[in-house]
Every structure is written in C-alpha cells, then in structure tokens.
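Okay, got some structures for you below.
Two complexes, one shared chain (subunit A), two partners (subunit B, subunit C).
Entry: the complex of A and B
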C-alpha cells in the first residue's frame, strides 16, 4: 500500500482512539492483522431508534488510493434498514460514493453511518423490501428492525 | 394521458432544492435521449469531473505564517519547513501534492465543497442550468411573498 494511505490511517487510528465518541462507547476501530488495509469498525445503535442497545460490526477496506477514494464499508452484523442490504450488508450512503471528500476520515464515516441509522433515507434505498415496509408500515418496520437488533446485534429485549 | 406532473414524478412535499436538481438532471437526460453523442457525458454526473488544469495553475501558495502549527487535512500531517502548499479560493490550505492529486479527480474543496471550474462543457452547462432554475424559483418565492404579505 502506498505511503500516504498507511500514514493517514495510522494517524486516524490515533484520532479515533482519543476521540470522545470512543469514551462514550459509541464508535470504535480495530486493526485486522498487521496491515492497515483492512479494519474492523464498531457502531453502537443510536438511542431512541430500533437499533438502540445493539453493537454493529463493520468491515472497512482501505483502498491504495485512500484518502483520494473512499474506504469500502459493509455491515457485517445483519441489520434491518432501508439503506443497508439485509442480505449482504452493502451500504447506500453518498459520502461512501460520489460525495466522498479527501478531508473525511474513518471517524466521520462511522459517525455518518450512525446518523444514517437514526435517519433513514427511504427514497434512496439499498434494500427495496425494507424501504417499502419503512414507508408503508412504519410500526411493523420498527418491530422488525428491533427484533433483528436483538437477534443479531445483541440488543436488549424491549417490548 | 398522464399529467405533466405525473410524468416528471413531481411530489408535493419534495424539498425545492432536491426537486430542482432532479428536474435539471431529467431535462439533461431527455437531451441525451435526443442526441446521445452530444450529451453523452451528462448522465455520468455521479462523479464530479476533475478541476480544470488552468484553474489549478492559478492557485497561489499561502504565506509561511499561515502554515505554522497547521495540518494538511488531506494527509493529516503538520506542515514542515519548506513544505509546498496551495491555497484554494475558499481559503482552505493543503499540501500542493495532496491537493493536486485530489483535484485531478474531483473539482471541489475537500473541506467545504467549493467548486473549481472544470473542462467538462456539459458539466458546466448543467451547473449553470441548476443555478438558473434556483434563481427562477427564488424569484417566484419572492413574488409570492410580496403578493401575500
């Protein structure tokens, strides 16, 4: 991997470790192996959402051209959300595609994902089935999402 | 026959700026159907085009004082003595190499999205049309306000 990508990830790593979000247990980044090309992210489900209480794992792949191109991020924990594939964990989020800017960091990506979990965008869906349910039957959606959180993300059972 | 609004999928509660952007895109898409060779680039606006080389050449270096204790937000390194840096028109400073690599890919400031001109004629046309529609919408809103207040 080229120098700037590795060097930047190392610096960002420190940034996340020092950040107040880590202290609040809301986001976390870990290395996978020795290289800085593959990382593991963790996001706590935001409060007052069906994801509350769950811990969601992310696969983060850093391209050689980072930070000029965005990291490739995917949910490893299954999640029921209009903008995230319930099958593959693929994410539909503009900053991971055309809206990426070189000054963004792993921290901003994880915080954006947390914001996406709290405010879905059903008009730009990744998972059409989930998006349809979100729009047409919001109550059933909330129940399904919270059930998935309990089963797959270790959430607390709330009735 | 479907109404004009149905055909363009206009939804009442759509945010004005979102609607303007979408309609502008759709207009260009129609132009593309009409003349694919000429309007071929437009539908690929998923990625913004690179900044124009002449615009990049115009960027000026910041003074040494501006770099003291500051960090390039692309590589996240502190500026060292003799580092070459450039100032964007929006006053955001980056290492020369970092910024040039970025602008070869995208035409906007990595921090604030301020846009530099591109060499892509169609993209510039699209931006202009977007601006026109926005100002038209603003004028109508102003007219409404003046009529009903």
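Entry: the complex of A and C
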C-alpha cells in the first residue's frame, strides 16, 4: 500500500475514534488484520426508521490509490433498502462513485450511509424489487425492513 | 420565370478535415479569444469548451458580466476560500502529512489548497480513467475545472501527458457543435459543417454517411430523438421479433419452398407462376397498382383487458418492425442485384450488345432503387410514433404509394432485359417523386 493511503487511513481511524458519533454509539471502525487495506465499519440504524435498534456491519476495502479513488464499501449485514442490494449488500451512492472527492474521509462515508438509510433515493435504485415496494406499498416496505432489522441486525452497538 | 431551386433538398455541404487541420481551426478560435480579452490560452480553452466554442457569445457575456461568465464556465467559484500564504503550518488535507520542504503547495481559483504531490496523484488518477477537460478540483463539491497549463506543469510522465492531450483534443471536438468525428471504421477524419442539422453528411475519406446532428445512420424523415428511441426499442425487443427473421417461405399456392433472392417484395413462384406479396403472402394482384396497402397497419380499436392491450401493442410494434427489418434486408439483397446487373452488362458488352455507356442507366436505376428503399425504411419508425389521425393517414397513404412504386421499380430492374428502357426511366422518375414527397415535411420544402 502506498504512503499516502496508509498515512490517511491511520489518521482517519483516529478521527473516528475521537469523533462524537462514536461517543454516541452511532458509528465505529475496526481494523481487519494490520494492513490498513481492509476495515470493518459499523453503523447504528437511524432513529425513527425501520432500521432503528439495528447494528449494520460494513466491509470496507481501501484501494491502493486511496484517497484519490473511493473506498469499496458493502453491507455485510442483510438490509432491506432501495439503494442497497438485498442479496449482495452492494450500495448505490454517488459519493462512492463519481462524486467521490479526495478530501472525503471514512467518517464522512459512514455518516452519508447513515443518512441514506434515513432517506432512501428510490429513483436511483440498487435493488429494483425493494424500490418498487418502497414506492408502491410503503407500509409493507416498512414492515419488511424492520423485520429484516430484527432478524439480521439485532444487537447493541458499543460492545 | 421560376426561381432556380435546389434540386436536392438533402444536399448538405461539409468539409472533411484531417487532425492537423482541426487542431489549427480550434487554435485559431483560442487565439481569437486571447487577443480580444485578457486570458491565457489555457483559460481561453476552458471558456470555449464550456461555451460551445461561440467566440462572439463569450465576448458578449464577458462584456456584460465577466465574473458571472467565469463562474458559469467553472473557472471561478462564487465564494473562494482564502488562499493559504504561510506554508509552515500548512497540513495538506489529502495526505494529512507535513509537506516536505522541497514540495510546493498549489491552490486553484477556488482557494482549495493541496500539496503538489497530491495534485499530481489526483491528475494522474483521473487521466488514467480517461478524464481530461472535466478534470476538477479535489475538494468536496467543488466543480472548478483545472486549466490545462496546471495539469501539464504538474504531470511529468510523458505517456500520461500525451494521453491527457489526446483526450482533451477529442473532448474539444465533441463539444464543438459544427465538428463531428467520422463514424466510419478506422477513419480519423473530422467533418465540419456550417450548421448543425439532421442532414446526411458524407465523409470524403471513407464515404461513410451519417446524420450530422446525432451521428447515427442518416434517418430522414424520422428525427434524431425518434430514431434513437426506435433503435433502443428494437434492441430491447429483439427477442420477440426474432421469429420474423426467417428468409424463406413457402409459396402460398403450391407450397413449394421459395427463397427470397432479390430485394423485391413482389414474389413470383417459379413453379406455379403465382404472383404474391412477400410481406403478407397475399395475392399480388389484390394489392393493386392504385393502392399497395400492405404497408399500412390497421389498429384494432377494441379496448380489452391489459393483456389484450399488451398483445395489441406488440402486434402494432411488430407490424412496423417487420417492415423496417424487411426493407433493411431488401437493401442488403439489392447489393447482390447490383452485382448481377454488372455481370449481365459485362456479358452483353462482351458479345457486342452495346457498350458500358449504353447500359449505364441500369446501374443508375439500381442506385436510385437503393436510395428509395433507404428512405422507405426510415419512414416506418416515424409512422410508428405518429399519433392516429388524418396526418398519419396521409403519411401512410404516401408511404404505401412509395412502397408500391419501389416494388414496381425493383421488379422492372430485375427483369431489365425484357423491360423497355423508357419504361424503366419513367418508373425511376415516379419513384423519386414519391420519395421526395415523403421528405417534404422533414426538410420543410
């Protein structure tokens, strides 16, 4: 891994640890191994959403060219959401693609994902089935999403 | 006396330029702007790229409100952040390390400042992804474009510099409304015109023809947006329409196997001499000379269930698609007909039955037939998207007329030895007039 990437990730890691979001048990980042190329993220389901009370694990892979290219992020916890694949956990979010900027950090990525959970964008769907349900039958959608949260994402952050 | 009229409404004058000639043409525009207002050539390029190379318009906007022009052209931001002047306490937000003594720091017009090493990594990363003219600042949500001179003074790998310049050159051409890359395979020519119109441009280098406005195959009387919709639809629906593709059919009368070997839809069974229409397999005589109604789709006005409507929609689409496909295939087969004509003329010339000049009219008629069929093919997408009503009825009536005359012409050409020359030339005239009628609205003649 090149110098800038390692330097950056080390710094960002500290940034998350010191952040007030961590204190509020809302986001968390852990190392996987000691290479800084792979990390594990955690997001608490935002309040007043079907994801409330759930803990969602993320796989974060840091590319060689970080931070000039975005990290590769995927939900490891199954989630029912229009912009996240219910099968693979792949995420459709602009900042993880062409809207990425080198000055963004892991913290901003996690907070953006949390915001995405609170406000889906069904017109730019990753999972067409979920998006259709979200638009046409919002009540059934909310029920399914909260059922998935209970089944797959049950737990408490800050172990 | 009638005013002199242009005999060909489709005539579209274009210039075929080499890469060097385009470069010269664009550089002249850049210089023209540089000498009129105080900007560097690099900034001038951004201004022109962002404003479709309209020098006069840029000058006018500049005199009106220069700041507004620069912001709109992504060369300035509305609220630039204050530029870092002291570098001792500067921490680059991207590499977050102390900036080495020998390394510079650079801020763009937006004020966003990073170390030169990070800028270089950013530029190289983007160039590798094919980004050139759209290369922007590294800050979040900052759209400011990086001028060429900054990129070239930062990136030093020769391969990447070259790549960047090539990509940028391509983008400049693409952003100029009067320049088009020739879509011909392996052709490097750039076509230049005086107006951006949906007319037929022909590359003098490789003879490829295309619609100047959208770059697709020439498509009159259908407009650019409609032909795009149609091509996308056909690509999506190719599965359902596959079954029509068969090139062989049985004679409806004696059931003998017949292969279509010319473009003509007027089929004659060699075995029982039955004349029939390839499209509907009906008796040719029933189509009449007055009204060849095989081209007209009759919509069923019944309002049934959703599945019935879907079936009806598919039927309607297939009607148009079948004819579109069929004329496209006929056009391919006409090429074989042309080869056969050449062979026939050759054998006549060899046996001293006239010279090539005497038989030239046969080649002309084959060329005209191809032209008519091409236009006919492109009337189907147009008709498909037309609203029902008298306008569509008239269009399809004229379309049927053209189709009938094309079939007549095709029939006569395939049997040219037994057809009188005057008769054939008369038929050519009729077909071309019918074709011109179909193009009337498109060219506003």
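Remarks
The rule is short, and it goes like this: the second predicted complex is superposed on the first by the 154 of 159 C-alpha atoms of A that agree within 3 Å, B and C clash if a C-alpha of one lies under 4 Å from a C-alpha of the other, contacts with A are read in each partner's own complex, and residues count from 1 in each chain.
We adopt the following convention: a residue touches a chain if its C-beta (ideal position, glycine included) is under 8 Å from a C-beta of that chain, and two chains touch if they have at least 3 such contacts.
No experiment lies behind these values; they were computed from the predicted model shown.
With subunit A as the common reference, the superposed partners subunit B and subunit C clash.
When the two structures are aligned on the shared chain, A:67 is found in touch with subunit B and with subunit C.
In the superposition on chain A, A:40 makes contact with neither subunit B nor subunit C. Looking at the shared chain after the overlay, A:97 reaches subunit B, while subunit C stays out of its contact range.
Of the two partner chains, subunit B and subunit C are each touched by A:7.
Put simply, of the subunit C stretches 9-17, 63-71 or 135-143, the part that bumps into subunit B is 135-143.
Residues 4, 7-8, 11, 67-69, 101-104 of subunit A lie at the contact with subunit B in one complex and at the contact with subunit C in the other. Interface residues of subunit A, counted against subunit C in their complex, comprise 3-4, 7-8, 11, 65, 67-69, 101-104, 108. The part of subunit A that touches subunit B in the complex is made up of residues 4, 7-8, 11-12, 15, 67-69, 97-98, 101-105.
Residues 46-48, 73-77, 98, 101-102, 105-106, 108-111, 113 of subunit B touch subunit A in their complex. Against subunit A, in their complex, subunit C makes its touches with residues 93-97, 114, 117-118, 121-122, 125-126, 138-142.
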